[in-house]
Amino acid sequence: MTETGTLERPVETKAKYNLIDCDIHPSMKTPAEIQPYLSQRWRDHLATYGGHTRQGLSETLSHPRMVPEVSRVDSWPPSGGPPGSDLPFLREQHLDNLGIDIGVLVPLRFNASGQRHPDFAIAIATAINDWQVGKFLDPEPRLRGSIIATQEDPANAVAEINRRASDKRFVQVLLPPRSIEPLGKRRHWPIFEAAVRHSLPLSLHVGGVGGHQATGAGWPSYYLEEHHSQVQTMQAVIASLIFEGVFEHFPELKISFVEGGFSWVPSFGWRMDKAWQTMRDEVPHVKRPPSGYLRQNVWFTTQPMEEPNPAKNLADTLRWIGTDRLMFSTDYPHWDFDDPRFAFKVPLTAIEKAAIFAGNAVNFYGLN
Amino acid sequence: MNQAVLEKETGTEAKLGIVDCDIHPAFSTPDELAKFLPQRWRNHLADYGQRSANPLVGTLPYPRMTPGNGMRRDAWPPNGGPPASDLSFLREQLLDPLGIEYGILQPLAAGSSTLNQDLGAAMCTAVNDWQLDKWTGPEPRLKASISVAQEDATAAIAEIEARIGNRSFVQIAIPPRTIEPAGRRRYWPIYEVAEHYDMPIGMHSAAFGWHTNSGAGWLNFYIEEHYAFSHSLQSVVASMVFEGVFERFPKLKLIVVEGGFAWAAPLMWRLDRQWNRMRSEVPHVKRPPSEYIRQNVWFTTQPIEEPENNRHLLDTLRWVGTDRLMFSTDYPHWDFDDPRYAFKVPLSPAEREKIFRENAKQVYRLP
Amino acid sequence: MNEMIRSLESKLGLSTVGGIDCDLHPASPATKTLLPYLDEYWRETFVMRGVDRLSLAMTSSPPRAPINVRSDWKAESGFAGDTLEAVRAQALDPFGTRLAICNVLHGAMIMHSDDMAAALCGAANEWLAREWLDREPRLRGSIIVSAQNAELAVAEIERRAADHRFVQVLILAQNDEPLGRRRYWPIYEAAARNHLPLCIHAGGSNRHAPTATGWPSYFVESYVAQASIFESQLLSLVAEGVFQKVPDLKVVFAESGFTWLPSFFWRADKTWRGVRAETPWLTEQPSDIVKRHVRFTLQPIEAPPDQDALARTLEHIDCDDILLFSTDYPHAQFEGLNALPVAFGETLAKKILIDNPLATYPRIAADF
Amino acid sequence: MVDTAVARQRSVLSQLGAIDCDVHPDAPQRSDLLPYFDDYWKEIVTTRDVDRLELTNFPTRTKPFFREDWKAAEGRGVEKLRRNLLDPFGLKYAILNCVTGVHAIYDPYLAAAVCRATNDWLKAEWLDRDPRLRASLVLPMQNPEAAVEEIERFANDRRFVQVLALCMGEMPLGRRYYWPIYEAAQRHGFSLGVHAGSAYRHAPSQSGFLSYLAEDYVHQVQGFAAQVGSFVAEGVLGKFPDMKIVLIESGVSWLPGQMWRMSKDWRGARIEVPWVKEPPSALVRRQIRMTTQPFDAPSDPAELERIIEHLDADDMLLFSTDYPHAQFEGDAAIPDGFPERLIDRLARENALATYPRLEERP
């Protein structure tokens, strides 16, 4: 973990941005809000067949969460509708209250990449992107959007990226980490190529419906386990990207891992390094120790912050990962929200703080 | 059971040559393929082997009933080596006595299911070279299959293009158990090339893949696994129909190998019925599914289903259509079908001609 | 009234009523509806977690797909069969049905948590007894259980067994493992002990892909694939020796189709002759075991419109005992009242309508 | 090169008589096992050609997996093990973990038969030939009833000290389906060993099957992480408090991060699993143990002690060599930077506390 990557830039404290939130979940007042963004053919399809994903329940995640809409009890807008569905309330409770300069939207509803019907997946992805513009980006300049792309259908994902790239309010391409095949496989490479061409980073937010068991050991019974299995998903994605040679082929590619935590990153890097040292002749296309790519191409958002006991142990973890790799996120309005005022239970220097709360994100998204 | 004696016309054992659509050639020794591989992959194989989603190295997790992964006991060549590894014995036991005019090689365990895709592509190339070198070169009655690593469509197409000029190759071999169902768009570039060159796609039952071997989960016994082979082939047919493959590539030929065929009629009924009801979901499928099947799909006959009342098979033949069926032996596997005894019902000379010879000659474009 | 049923009535003197409908679906209750039938722990945690707001509809039976709602039976709500009045007017009266078995297809059966699944199944059964069976004497019920925890399933069966209006146990076709596996045997023993056939109904958990080749894009394709799942289950039950272990067990395949049976028999019997050393407890060929122990509900009839093929298929099956009358209400399996095509002939029709159900369901026979 | 720290460790090891908790005997072939099958199974494994049972995760052909110097040594079986490991490391006990493809077999009766033969073979060909050897019972997890019978069969042979499962099988190991096995194991004082490896009942990652063996090996950690989650959430740790669970060849450094996250999640989600009364980290520290090879340590040995501190459980780690796999060079079986004050516990005391059957006379 000693190499300095080419994508790293000195951290500058930008007075312009003091707090950037990399993970805000917008939602719809009612599911019908999507309709103006769909053609009649797909409105009919949605009404008749609903979502058709690779899991047992058609409208609901397989492991029920702990609170309604997975959301903070105080985040339900007084005007009605679910949390994150009311822009004025989102401004008031979140952006204004915490002094957020830039907030990045991560829309999760309808799960375009998880849709099995390939044409419906395309229609949904496009609709959600238009909806972000219409409902949030046009009226609120502090918000930024994520391009939803159909990961299982790379050609159409690229088309959608090309279509959105000129709108600079879209700052990243959003993909689900759970997919039919590991992300690093070559069939996904056209997506990486398009992202690099448009200088758009990729972002992977926990979730997705790839049709595989939630852990290599099988299906867990409880949300407590399923929530943790998201970490393993992130590990699988990182290992795949590295061992398939994605970062070797696309050295400029930037990826953030959102809501997967980060305390596992050092040991995972050590393990990958060791396996690579032993078996590098199997993967001659991987030229450097895997942790080197972690230092160069990969960022992590901070929520849900791990909480060691004693808290000071986290300082080691931060040192091992590098505070230049971390970007603050709240996960608003979800129940395990991190408050920027209290999330870090270890002391940070002013420089570290500036980097984690804003500077790293400025570099990652190219916000200058 | 009292009708189970052979009911076949006896006089018409014509001199008619047979086309056997399913012969499994084997390596004499495990390292026979090595000389067809570049050094880089020889080294790799020595250290890492050929990893697939099969949990065991070099062994199937459902042991067969006879040694050699389910071989006929009388098929072990007197000169040593596993069954179907010795050309002269294969001639002596199969081609000559049964009057086989053409035999289609279906090499198994090639690179198609290999997790390392570059290795998979290299293995396919090597197996294709090996078929020419060991089999079709010295024995022109044998015809080869172009093995391809279908999960990497680019590599698969490169291999097809490299072989297409050689008429010893008569089909493209893809296993039915792929990462995604066979009709999904990731595989379309392969179908496009196949249609362009009028090369049929042969899908032979596969012992492992990326998914449980039944929609019900992992089965315990070989008797169940063997049955489930036919389900993966049914899934292939359903997928290619519903994804619109045959609509998009109307001249594509699909051959379903070693799945039997009696299921084809009820499958067509089920497909048609549900298509009728839910065509709004799949508006790109313009015609009843059975029409595509009758136009684009052929079935090899082994392992032929055996009704208690032999004559019931006549209904099935009528429903599936004798123009869709092509005879196969599955030599040298234990459940081999002998052309003399496989059909326990009377076939008209014209039907016989079609099933044992003409359909295959046309589909494979044999001289 | 169905022409076939009418002619039977006059000829055979079935003066009062028609047959016994072995597969009728009241609309699955909303989760909130089940709250009064749950104990305090589940009531409290469901509300707290927002589970009461979730749709637990299964991907394998999207409630609005045309297969699941016959258009002329559709209520204003967009669903069908959601009131007793509708069931009486559409499913019971017009067919002159004497008795109908209610199969509630509820996501309870596929929840990951053993305890949550069991609690929801128990609540759905209680709901069926109170809201349907208490109010309509022509209705009978199936005890739905989640197969993944045999102990809890057995407890539910024993709890319901005293209520003789419950005439069978119902599980779904796709579970964690094939149903012949030993882990499920206690369920079968409990069913047989209480004179309850085991009904295996189309649908499932989607915890793995529904085919060995992965995830079909379309619902229609998945629906077709159900037949393969049923075939696997049938052979699993036979191969693992379930019927040797529990000789009194009757199994009812519901909404499985049956025209695939001849090819199943031919191939399974042939393979058995070759590999029977593997399963030495199988001393008879599979088709004989199936004909003795397994029954199939009539709908859907997957045959060409030409009645000859259907008649030939019945001859191939060569077993008059095997079919049970069903409308599969409110699923769209036939038009008008034509649930029983003329190809069956009157003698067989009578068996299907009355004799076979009576021979299959001891609890119904006892009522006659 | 023998630096002083390593030399000191080595001498401490041999003075103490270390207990090596992960040693792999050569995987038995059919010819090895044949004498231990009854007539029916003898005929079945012969006619059906059930021979080489080797997991795709651990192909014996893979050169980088094995230490060249150990491989090159003369002899076979126990003799070779003595020469390479037992004598030079001055071991008091070595626990044999026979990891074969039996875990991947589907037929529950065939799996049970192969397990029985393997255990009898271990006893006759290994345990009976060197008093320092101990072993794990290989169990057919596909068939809990047969697994329980196998535990009962060996309950009186105290040289079998634990029962063995894979970290990626059909279902997570915490599921109630497996509890009868744990009940029997606890009753007889066996610990539960969970070893790296997958039966490939499903893909080893949520995103499917991985292209490379290197990647596959890295992912074993995820199987272990899921199992720890499962043992905690399903309540196995509370239900079987006397049975230690040993993660074997799991790596070590990933566990603190998991404990942090699970304990935090538990605070928010505990109403879902009301039987879990303590923070997962406390349960894990009390009952889960890990072997130390591989450790997946940072390259700077000075950092190792930080990880030990994060673990905050001096009794969690068990000495292992993972013989004959290539995890370290020379005699450096104890990871560089391992705190000296804990070496005694690592090498001996922790194992004795983990395996109640270990001290008793055979």
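Going by the order they are written in, the chains are A, B, C and D; count residues from 1 in each one.
In this text, a contact is a pair of C-beta atoms (placed from the backbone, for glycine too) under 8 Å apart; a residue touches a chain by one contact, two chains touch by 3 or more.
No experiment lies behind these values; they were computed from the predicted model shown.
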Common contacts of subunit B and subunit C?
A, D
Chain hops separating subunit B from subunit A, counting only touching neighbours:
1
Of the pairs C-D and B-D, which shows more C-beta pairs in contact?
B-D
Could you tell me the distance, in whole angstrom, between the mean C-alpha positions of subunit A and subunit C?
42
Could you state the distance in Å from the CA-based centre of subunit A to that of subunit D?
36
Where subunit D touches two or more other chains simultaneously, the residues are 47-48, 62, 64, 107-108, 170-171, 198, 201-203, 208-213, 271-272
Contacts with two or more other chains, residues of subunit B listed in rising order:
47-48, 65, 116-117, 179-180, 184, 210, 212, 218-222, 280-281
Where in subunit C do residues touch two or more other chains at once?
48-49, 65-66, 113-114, 176-177, 181, 204, 208-209, 214-219, 277-278
Assign the assembly's chain-to-chain touch graph to one of these shapes: line, ring, star, complete, other.
complete
Touching subunit B in the complex, subunit D uses residues 45-56, 59-64, 101, 104-108, 110, 170, 198-203, 208-213, 216
Touching subunit A in the complex, subunit C uses residues 48-51, 53-60, 62-66, 107, 110-114, 116, 176, 204-209, 214-219, 222
In the complex, the residues of subunit B that touch subunit D are 46-49, 51-59, 61-69, 115-117, 179, 210, 212, 218-222, 225
Touching subunit B in the complex: which residues of subunit C?
65-67, 173-181, 204, 208-221, 223-229, 231-233, 235-236, 239-240, 257, 259-260, 262-272, 274-279, 287, 300, 302-304, 309, 312-313, 315-316, 318, 332
Residue positions on subunit C within touch of subunit D in the complex are 41, 45, 48-49, 113-114, 149, 151, 176-177, 181-183, 208, 277-278
